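In structure tokens below, several structures.
What follows is a pair of complexes built around chain A, which joins chain B in one and chain C in the other.
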Partner chain A sequence: MKEALHVEWTKLRTLAGTAWLLAGVVLLTVALGVTASAACADTGCGDPAKTSLTGIAFGQAVVAVLAVLAVGGEYSTGMIRVTFAAVPRRSTVLAAKAVVVGALVLVAGVAAVLVSVMAGRFVLAGDGAALSLADGPVFRAAVGSVLYLVLVGLLSLGVATVVRDAAAAIGVVLGLLYLFPIVAAVVSDPDWFKRLQRISPMTAGLAVQATTNLDSLPISPWAGLGVLGLWAAGALLVGGLALRLRDA
Partner chain B sequence: MEATIEVSGLRKRYGPTVALDGMTFTVAPGKVTGFVGPNGAGKSTTMRVILGLDSVDEGHALVGGRHYRSLRHPLRQVGSLLDASALQPSRTGRNHLLWLAHSQGLGARRVDEVAERVGLTSAIRRKAGGYSLGMRQRLGIAAALLGDPPVLVLDEPVNGMDPEGIRWMRGFLRSLAAEGRAVLVSSHLMSELQDTADHVVIVGRGKVIADVGVAELIETASGERVTLRTTARTQAMTVLARAGATVAVTGTDTLTVTGLSGERVVALLGEDAVPFSEVSAHRASLEEAYMDLTRDAVEFNAAGDAR
Partner chain C sequence: MSGRDGFGQALHAEWTKLRTVRGWVFGLVAAALVIVLMGLFAAAASNFSCSGPDGKPCAGSTPPLGPGGEPVVDNFSFAHQAFTGDGSITARVTSLTAVSAADDQAPVEATQPWTKGGVIIKESTTPGSPYAALTLTGGHGVRLQHNFTGDIAGTLRATPSWLRLTRSGDTITGHESADGATWHLVGTVTLPGLPSTVRAGLFAASPHHEVVTESFASTSGMSYPTRATAEFDRIDLEGTWPDREWTGDDVGDLGGPVDRPEVGFEETGDGVTVRGSGNIAPVVAGRGGLGRTVEGRLVGAFAGLIAVIVVAATFMTSEYRRGLIRTSLAASPRRGRVLAAKSVVIAAVTFVTALAAALITTPLVRAVEVGKGFFEYPVPTATEVRVIVGTAALLAVAAVLSLAVGTVLRRSAGAVTVVIVAIVLPYILAIASVLPTGPSDWLLRVTPAAAFAVQQSLPEYAQVTADYSPADGYFPLSPLGGFAVLCGYTAVALGVAFSVLRRRDA
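Entry: the complex of A and B
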């Protein structure tokens, strides 16, 4: 496993795209967080923590691309066969990819969240004064947002392993994340609306960012992140099974 | 580890298509073994099965007596090149070799050694996407050599190389075999293996048609034939046919004589004072031998298709 980790780290490190995509995660998350905070600066938004972390919902798209390419890039070139000839234990390869991608996203996520919260504090003048990581719920929202990005990365990795095509995998992941809330919105039945929100990886997962009005949430913060965790675990599991059963 | 490949009774179908139909052969150390057959004969599938990439419905493939997937550091036992373009173009050649080296517990020094051995040192720090196909083949060979393996499995390694590269590859494969390695090289062109292979495994439709030494194969195909060069073609044919030979016209002034030794041909022509400029033992090319050998199989297949 140590060698497999070294391999996957070397692979990602030596692709120019990796550094750009990680920078993209931070920049996009911060930029959109600041924009959302600025829009709320005058009127005052209900939840300053959630507002300052709005950018996560966009930064996740870049995380998805990064994670999908870590697998899809090997399938599109056929390099995956070279990988499996060098490391025949395919589940080890997938696990190593998950660890390396997860760690990189963790680092980018921490940076993105820290800068977003600090920026939010300045931009959201009045409300922002309350925005401190020493505050329990705000800290939970911050940590939860970082974990949210990591889980989106793992979900993307699993999907890409199943689909074996980068473009298709990105489509599936973004569809899962962004279409779920849209579909839920057109469902008129309030019970089904709530059910759909509870199993939607993005809506449920981002519940972890809420610091006010927790009673109105479709699902509690940590349980919501758990839903996304289940999606990610499921995708990786199916991916691992597919690797075992299919020809490389 | 023993330097051998043992392929035994491989069967595999993709839906209604039979890809492998009882493929069986062994590859011995110290030799270049050519793996020849038309496209779609099952060469690449067999190689993927040897490398543990594809599963089979029946049979097994062993390297040094073990399943590939059970090997701890497989590239130290079996070096392989399936597709020279199977790399991510934005990575440098050196970094491509580097991650492979890491997978076998090897370091950057080994990477530079193999890059030098295949003559790629000057280009190794450039992006592999900018390599010509010939350079990618060299990079692929370097990757196959990383673990200094006793067994090599190479799928069409000269494909896309220029004549100079092909000549280099031939010499290189010979030297790898001379070091005692078992080298399995596939090709869909028999002529590519001329002067390279010691042994050939000829396949068609997922199974082995012939498994034979190259010297023996050429000897059989050459047979008891004599090439005769003469301006008096008709006269020579009459004389030789009378003596019981089968004579075929193969050029404006050349005849191929079957059924008589070269000495006898010279004696007969001398008796009747038939002029000739050359009498030589006919030596078949590998391609010719291949054609002789596969003719029956092809005819059989054509008949099968017609049904």
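Entry: the complex of A and C
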């Protein structure tokens, strides 16, 4: 496993795109977060922590690209056959990829969230004064947002392993993330509305960002993140099975 | 070989590539399927529950239709008499106020901007029948309104205001006066086919007081009924008024479970006081609305869009990945021609696929909704055609955008992400995020997501206060204006793609 980790780390580290994508996660997350905070400067939009972390909805797309390319790139170049020849236990390869992608996203996520919250505190002058990581719910929102990005990365990795084609995998991942809120908006049955929000990886997962008005949440913060965790675990599991059963 | 033949050959080559690659055909079929299935799912997962606290049927679930065919609210307190032939009605409004009367609470002053009190000539007391009204309002001064959608502003803004409606055949003229001596023309409206004998008199109405609360990933509205009190005196009736006394009616009161404040009229010395609740206005759709719209049936277009973007991006990037681009460019050395041929093929195929899917989805979903008892907002055929064809065109243009971005980036994953994020993410932020209406509107003006305006089927009404936000299905740009934004982005992307294709080695 240690060698497999080293191999995956070397591959991802030496790809020209990786550093750019990680920088993109931080930049785009912060950019949208600051824009949302500026738009909410006078009212705070109800929940300063959630407002300052709006950018996660943007940054997750870049995380998805990074994770998908870690697998899809190998399939498109045929590199995957070399990888499996070197490390014949395919589940080990997937696990190593998950660890390396997860670790990279974790680092980028911490940077993105820290800068977003600090920028939010600065921009949301009036309401933002309350925005401090020493505050329990805000800390939970920040940590949860980092974990959210990591889980989106793992979900993308799993989907890419199943789908193998990078473009299709990105389509599936972004569809899973973005379509639930849109469908929920046109469903008028309150039970179905709540059900859709609870199983939606994005809506449920981002419940972890809420710091005010917790009663209105469709699902409790950590349970919501757990929903995304289940999606990620399911995708990795199916990916692992597909790797074992299919030819490379 | 003429240039035209060359382009024809390029088109044929690209069409052959597209239809023989299993993944692309699969992607396009999937796009059509998700458009149909998501529409059906959204209808199936919507329920019509509208029962009052005492189990009475829900009033207003099928609103009356106005003379123009649009659904309307026609609910007001009316002190009226029969009025035959030509003549006029004049009255002075001395006071117009409204109170909010939520359950078990002491009434509080809550005059709404469109609280109304004035004179009205109406074909009958049947809700939805043609009318012309000259009214003082809570916040918009004197207005001459007719047949629910017509609205002409007067100049007076305060009480007392003298109001006069004069009938001459089908024509009704409104005059206003501050002192009863000098009269100012507000406007003239025509009510075609108005019968000789109509109902005319004094009315009062006040719409609900809306309170919008933002909650996690959604907004919900609460509304409280309000009751207007309009005091009139110096009433002067010219022409033939055979009744010689006022009759009171709460027009449009369907006896539903809505807790309506006490309404009616009383004669006070030389005047009349009318108390009324409700509104005379077109219905505005929205999240809280009971009706379903055309665009709601096409919600699957978002999923179809994602599938189409994936197909279109790989339609170009796979040429680079497999090195086929060198063969393509060798066969057709004018590089712009290859890109143009690809654009035409992907746009045409996407348009036909999406149009077929939308044409199948709309009647299917409509049947499910009607079966569940939903009210379907009637829209002119031209509007319905614009929504359906516009949705297909939106997907086609998005496909070309994806193709162009794919040409520039030469990486499918990057191209797919850029295009999906550019079109879908702003829409989500606008309808389901913490952002207030202002920034949401802005997002739907400057990003490619503006194109979804082409799906908006219901108009905004200046004379109805409502939350015309993106989440309610109201876009800041006109349908064609919004669509033009996406076309603009696509044109720029195509321009960049042409230029890099020409300059770069393949």
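Here is the rule we use: the second predicted complex is superposed on the first by the 248 of 248 C-alpha atoms of A that agree within 3 Å, B and C clash if a C-alpha of one lies under 4 Å from a C-alpha of the other, contacts with A are read in each partner's own complex, and residues count from 1 in each chain.
Quick note on the criterion: a contact is a pair of C-beta atoms (placed from the backbone, for glycine too) under 8 Å apart; a residue touches a chain by one contact, two chains touch by 3 or more.
In this text, all values refer to a predicted model and were calculated from it rather than measured experimentally.
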(Q) Based on the shared chain A superposition, would you classify chain B and chain C as clashing or fitting together? (A) fit
Q: Identify the partner contact of A:Ser188: answer first if only chain B is touched, second if only chain C is, both if each is, neither if none is.
A: second
Q. In the superposed arrangement, does A:Leu15 touch chain B (first), chain C (second), both or neither?
A. first
Q) Comparing chain C with chain B, which touches more residues belonging to chain A? A) C
**Q.** Touched partner set for A:Ala4, first chain B, second chain C, both or neither
**A.** first
(Q) So in the superposed three-chain picture, is A:Ser156 touching just chain B, just chain C, both, or none of them (first/second/both/neither)? (A) neither
Q: Tell me which partner A:Thr211 touches in the superposition: chain B (first), chain C (second), both or neither.
A: neither
Q.
Once both structures sit on chain A, report the angle chain B, chain A, chain C from C-alpha centres, rounded to the nearest 10 degrees.
A. 120
Q: Check whether A:Cys45 is in contact with chain B, with chain C, with both or with neither, and answer first, second, both or neither.
A: second
Q | First (chain B), second (chain C), both or neither touched by A:Ala168 | A | second
Q: Taking the superposition as given, tell me the minimum C-alpha spacing from chain B to chain C, whole angstrom.
A: 10
(Q) Please report the chain A residues shared by its interface with chain B and its interface with chain C. (A) none
Q. Within the complex, which stretch of chain B touches chain A?
A. 48, 51-55, 68-69, 71, 74-75, 80, 82-83, 85-92, 95, 98-100, 102-105, 143
Q: Using the touch definition up top, name the residues of chain C that touch chain A in the complex.
A: 23, 27, 38, 41-42, 45-49, 214-218, 287, 296, 299, 302-303, 306-307, 309-310, 313-314, 317, 321, 412-417, 420-421, 424-425, 427-429, 431-436, 438-439, 471
**Q.** chain A residues touching chain C - in the complex, by the definition given at the top
**A.** 35-36, 39-40, 43, 45-47, 50-51, 54, 57-58, 61-62, 64-65, 68-69, 72, 76, 165-171, 174-175, 178-179, 181-189, 191-192, 196-197, 203, 206-207, 210, 213, 216-218
Q | Touching residues on chain A, where the partner in the complex is chain B | A | 3-4, 6-7, 10-11, 14-17, 73-74, 77-79, 81-82, 84-89, 247-248
